[in-house]
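What follows is a set of structures for review.
Each of the next two complexes has chain A plus one other chain: chain B in the first, chain C in the second.
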Partner chain A sequence: MSKNSVVLEVEKLNLYINDHHILKDIDIAFYKNKVTAIMGPSGCGKTTLIRSVNRLNDLIPGLKSTGSLSLNQQNLLELNPIQVRREVGMVFQRPNPFPTMSIYENVLAGYYLNGIKLSKDDKERIVTESLQQAALFDEVKDNIHRKGTFLSGGQQQRLCIARALAMNPKILLLDEPTSALDPKSTASIEQLIIELKSKVTIIMVTHNIGQASRVSDFTAFLYLGELVEYGPTQTLFTNPKHTKTEEYLTRKFG
Partner chain B sequence: MVNPIEAAIKDLNNQFIRYCTSVEENVHLAVKTFMQSEQVNVQTVIDKEKEIDQMEIAIEEECLSIMARYQPLAKDLRFIVGILKMNNDLERIGDLAVNIVKKVKVFSENQTSVSKEGVSFFLPEMIQKVLDMLKKSLDSFTKQDPHLAREVCKIDDEVDHLKQEMKVLVLNKMKDSPDDLRQLSSVLRNSYHLERIADLSTNIAEDVIYFVEGDIIRHGGLLEK
Partner chain C sequence: MIYDASIRYRLLKDRLFKISLGVLSCILLMPLLFILYYIFINGITAFSFDFFLELPKPVGEAGGGISNAIVGTLLLIAVASTISIPFGVLIGLYLSENKTGKLPDITRLCIDTLQGIPSIVMGIIAYTWIVIPLGSFSLFSGAFALSLMMIPLISKSTEETLNLIPDALKEAAYALGAPYHTTLLRVIIPSGKSGLCSGILLGVARVSGETAPLLFTAFGNPFMSVDLFKSVNSLPLLIFNYATSPYQDWQNLAWGASLLLVLFVLSLSLIAKVVSKR
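What follows is the complex of A and B.
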């Protein structure tokens, strides 16, 4: 991959919480319009790494981080976190539509909460496009003013993806996006992830090794806060270079 | 606590080793039967081959079952793919053992005239090398030893060379002794069968290198590491 296709470059990222060294000298480049999966055993720092990308760790007491995360030549650690989160959307493990808002309002929540005024036409367009991109539009178009919490788990998760996409982010972070879903909803989210990469760069954390192998183009393996191996998914899953990766993939631990 | 995929792979490994042993024994019996013209063993080799076919099917089914149930990855995945390929190769080696004994009748018809003049040519030497290759390739699997597997790949050229020399000698002999044409032809055919066994042993050795190290060395890939 060429240097030009790098969207986000993490260099020498170290993160400490009090005396705990959580992330150790992480160097990793995320490529444009690719899906990158971050996998590793519990507690290896996967979630902490992607939460650093959209500055969700900032408020943890005792946190200190060094190094840089460059998004288009700007160090994310030095920007206003609100601005960062407009560029970097995030979807969490459990679907979390705002319970008091309708489907329509949920999609526009990013604009409402940022105090951005939109014309009615813009609202309609953004809602329709975002729901279409999240492959949810056809299922909800007749109930768009009902509460988002009436939807099934898989639909709620796609609504959360639509809400993130509505802000037109450069990067979409997915933190175990299907771990609370049934197999059918999981399959539809996986299909969606593959379709969405033409529009947005996706970084996903997953515990599900099979999911990483099915949907990602690149995979990073983290262990005890270190980036052990990073490369094209196909190579990493068939012929990993490091013994630790080999042991993890063959279920020797983790 | 035993990891289920580890246990399944270990069982498959043991099952495959038993299969390797059966095939190797049958090849030994086949070449001995041919060289010593022991009609009595011909049927034994053929019967054994039927058992080998059943073992091959059982191993393929086990591989599919492990893939469906455990979705093996990394070395486990290469191991299963390697077993599937080696399984095929061994089954063909089993078939070649049968082909070899099928020539016993013709070969023994007038063996004295053929062997008296040393017309077995390089057959004993070739047999020894081929059996050695087969043994080393199967040992390299059992011990998961890529160094031993690389030795197999090197012997293959020697066997090819012997086959070529034999071909020239046997064809010349055919011109001189047209009466022995059938026997000579059986010698020639069997040298081809032996050479195929050597090729298939090489394939097995290449698959061992692949599943242990992850390197594909076929078609001029890196032999040295």
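What follows is the complex of A and C.
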């Protein structure tokens, strides 16, 4: 593991919502240009963990978190959430393109919503590049000014990925990105994730054990808010150290 | 075959029930159709170019129109909308953003109370707050009374519309680093645009036929007036004054004005329906 450089280091992350202890002493390092899958049964804190990375948890009333998440030697918990979210992109369970905007405007939404003015050439370049990176350009290039909501579910999800990539994030968070999609769209998104890791570090939450084994380089197994096991995907899947991990992988629970 | 008779009885009961539902709804529709027909028959004879373009003429002179009331009504609605749309939309936005809490609950209670206040009381309030201090009946005081009626309508429809917008859109905007105000102004409000527009149109339709709040605010005026601080005529006021007059000419104008008002409100409601379906 020494040859991998750490991009995001999580140390002693504890998270409480009112009196509930949701995340317990999480220590985990995410490696640059790798795909890390976070697995675990429902309610184990997977989504809460990745939402800590882009501070979306701040929306929850009664939330308190301690510890540190360092990106470029800065503790994300101490920065302004708006700053954090420009460095960390996110794609959600259900595709959520902005219904009032065209495909073109959706890709540029990050700039528009942050009040960043772009020249026309920059806009064209960013839209083309982002859609190409999200493997959507060829399918939509003739309808780029139509509403994004006319696309199929899988295409909408790739549009959301393009929208996140357009901001050049250091980290891309994927929260069960294929759980609302059909098998064919799922396959294309999985292929895309593998291609994208050369450009961005990816952290994905998945319920699907097969998906974690297909696309991730590292896998973390979370259970009841604790990080039970973390390591290279191949090692974790073939030779889990903890019985809980093994039981989860063999679907004895979860 | 034993159950044959009872099944036939039940089917008969079913059919009778369906028929009575149909008949009852037709009976309910009849007064509405009758009113529309009656207004149309009596009002259409008053329609002419003069009706829309001329001022009312003194009793005894033939012809004359209601252009001052048409302009007055449009101005009252325009000014009332200018006051009530910003307030109504912002209150609705605040309530949909803050579903629980002391201030939102109090605001909701106030809005409900405001909606329940009789329209004549709105007129009295506008009279004491604006007409008396300024010393004259005015377009502004009438519009103010109407806007008091529109604010709860608009804020309620705004709140309901915005509550239907999925949180996922807000999260998407936040995840891109958008600040709170741009998320609301550039994502949430545009997504609810058609619902907001239809709520506003229905609010306008609701108050454009109001007479009571205008009786001692806008007051009515036989001449053309576009001055914000002078009295102004409106279609409902004109109908109220002319329909109770003993003169046939004026009564005819009142019928014409009624038809115009009904057509106006009807088309606003239809537009609101079309807009909300988009």
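By our rule, the second predicted complex is superposed on the first by the 252 of 254 C-alpha atoms of A that agree within 3 Å, B and C clash if a C-alpha of one lies under 4 Å from a C-alpha of the other, contacts with A are read in each partner's own complex, and residues count from 1 in each chain.
The definition used in the following text is that a contact is a pair of C-beta atoms (placed from the backbone, for glycine too) under 8 Å apart; a residue touches a chain by one contact, two chains touch by 3 or more.
A quick note: this is a predicted structure, and the numbers were derived from the prediction, not measured.
In the model built by aligning both structures on chain A, chain B fits alongside chain C without clashing.
Once the two complexes are overlaid on the shared chain, A:200 sits clear of chain B and of chain C alike. Aligning the two complexes via chain A yields an angle of 140° at the C-alpha centre of chain A, spanning the centres of chain B and chain C, rounded to a multiple of 10.
After overlaying the two complexes on the shared chain, residue contacts for A:210 are found with chain B alone; chain C is out of touch. Of the two partner chains, neither chain B nor chain C is touched by A:50. After overlaying the two complexes on the shared chain, residue contacts for A:245 are found with chain B alone; chain C is out of touch.
Counted by residues of chain A touched, the larger count belongs to C, out of chain B and chain C. In the superposed model, A:8 lies in contact with neither chain B nor chain C. Contacts of A:59 after superposition: chain C is touched, whereas chain B is not reached.
Of the two partner chains, neither chain B nor chain C is touched by A:107.
Legend: residue contacts after superposition of the two complexes on their common chain; A:237 is shown touching chain B, with no touch to chain C. Following the chain A superposition, chain B and chain C show a smallest Cα-Cα distance of 33 angstrom. Within the complex, the chain A residues that touch chain C are 54, 56, 59, 81-86, 89-90, 92, 94, 96-100, 109-110, 112-115, 160, 163-164, 167. By the touch criterion given at the top, residues 3, 5-6, 71-78, 214 of chain B touch chain A in their complex.
Of all the residues in chain C, the ones that touch chain A in their complex are 166, 168-169, 171-179, 182-183, 186-187, 190-191, 193.
Residues 209-210, 213, 237-240, 245-246, 249-252 of chain A touch chain B in their complex.
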